[in-house]
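Some structures to go through are shown next.
In what follows, subunit A forms one complex with subunit B and a second complex with subunit C.
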Partner chain A sequence: MIEIIIIVILLSALLTFYRVIKGPTVFDRIAAADSIGIMFLLILVLLSLYFQREIFIDVAIVYALLLFVDVLIMAKFFGH
Partner chain B sequence: MEMIVYLLLLFILLTAFFASFTKDLVNSLIALSLLSSTLVILFIILQAPDVALTEVVVASGITTGFFIITIDKTGGKR
Partner chain C sequence: MNGAFFFLVTTIGMIRFEDFYTKLHIGSKCLTGGGISVLLGVICFKGLSLYSLKLSLIIVFLIISNPVTSHALARASYYSKSGSIAERSHLIRDDLKEKKHGGLL
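Entry: the complex of A and B
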């Protein structure tokens, strides 16, 4: 069941990557990359549930924090 | 689980081609960040959480931030 959910999320991430390739402006690419990052965060939590190991949650927490900081830095330096 | 690994390898291939053959530095940087975060999921599937944690902190966080600041300070396009 969890494998099917991860496969569907990966297919939607592949569809979102089309917007990264053919986005007209930089902001479309940043928004699409942030969306793909949130999908990967969900995949990390589902893999921790699949393997029954709690240490994989820590990787998901650090990735969520650094994704937020990363998008914040992009918005600060490319927003003007 | 093999299907997930094949989809992740396809995603790594697409992001690597886009990061190599695009004309703009910012697009290449965004694709490189996606490549490193895809590699994190592959390390998790291969049961190596410490390598995945280091990859998250260094490649997906610090390198992208420093490259953004460097591209902004040097003016940027191509």
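Entry: the complex of A and C
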């Protein structure tokens, strides 16, 4: 059950990567990279459920924080 | 399974839509809905413990951070000079155009 969900999310992240490569503007690429980051965050949570390791959740919290700061800084940098 | 369905909808929208603002719309809403439903499923699977407290912390952070990043991206793309997305996209009504020369950003 968990494997099916992980495979579906990986497939959608792989299809979203097409938009990162072939985006018309910079902001399309930033939005697609943000969505790929959130998908990998949820893959990390599901892997911690699959391997029975609780330490992966802390990694997921730090990853969400870094993703937030990252996208804000990229939007501020490319906006001018 | 519901969250996985939301992620597939996000991917299809991200590939099919050609306008930027529709892409940002589906990246904001469907991604938040899919993440919240997946994390709520994991919480209901594991029961109440410190584990589910950390997962609910991730849910709260996802709710706070995703609209903020979408708003920042839309604002930066509107005010950018080189991109000029606002002239090329299919906007019906553009109320922010009068304020554009005021130097808000």
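As a working rule, the second predicted complex is superposed on the first by the 80 of 80 C-alpha atoms of A that agree within 3 Å, B and C clash if a C-alpha of one lies under 4 Å from a C-alpha of the other, contacts with A are read in each partner's own complex, and residues count from 1 in each chain.
The working rule: contacts are C-beta pairs under 8 Å (C-beta built on N, C-alpha and C of every residue); 3 or more make two chains touch, one makes a residue touch a chain.
The model shown is predicted, which means the values in this text are computed figures rather than measured ones.
In the superposition on chain A, contact is made by A:Phe78 with both subunit B and subunit C. When the shared chain is aligned, subunit C comes close enough to touch A:Asp28, but subunit B does not.
In the superposition on chain A, contact is made by A:Ile38 with subunit C only, not with subunit B. When both complexes are overlaid on chain A, the residue A:Val59 reaches subunit B alone and has no touch with subunit C. After overlaying the two complexes on the shared chain, residue contacts for A:Thr16 are found with subunit C alone; subunit B is out of touch. Using the contact criterion defined above for the overlaid structures, shared-chain residue A:Leu49 touches subunit C, although it does not reach subunit B. In the overlay built on the shared chain, the residue A:Val8 is in contact with subunit C alone; subunit B does not reach it.
By the document's definition of touching, of the two partners only subunit C reaches A:Phe68; subunit B does not. 11, 13, 26, 30, 58, 67, 78 are the residues of subunit A that lie in the contact sets of both subunit B and subunit C, per the superposition on chain A.
Interface residues of subunit C facing subunit A in the complex, by the touch rule stated above, are 1, 3-4, 7-8, 10-11, 14-15, 20, 23-24, 27, 31, 34-35, 38-39, 42, 45-46, 50-51, 54-55, 57-58, 61-62, 65-66, 68-70, 72-73, 75-77, 79-81, 83, 85, 105. Considering their complex, residues 1, 3-4, 7-8, 10-11, 14-15, 18, 26-27, 30-31, 33-34, 37-38, 40-41, 44-45, 47, 49, 52-53, 56-57, 60-61, 64-65, 68-69, 72 of subunit B touch subunit A.
The touching residues of subunit A, counted against subunit C in their complex, run 4-5, 8-9, 11-13, 15-16, 18-19, 25-28, 30-32, 34-35, 38-39, 41-42, 45-46, 49, 54, 57-58, 60-61, 64-65, 67-68, 71-72, 75-76, 78-80. Within the complex, the subunit A residues that touch subunit B are 3, 6-7, 10-11, 13-14, 17, 20-21, 26, 29-30, 33, 36-37, 40, 43-44, 47, 51, 53, 55-56, 58-59, 62-63, 66-67, 69-70, 73-74, 77-78.
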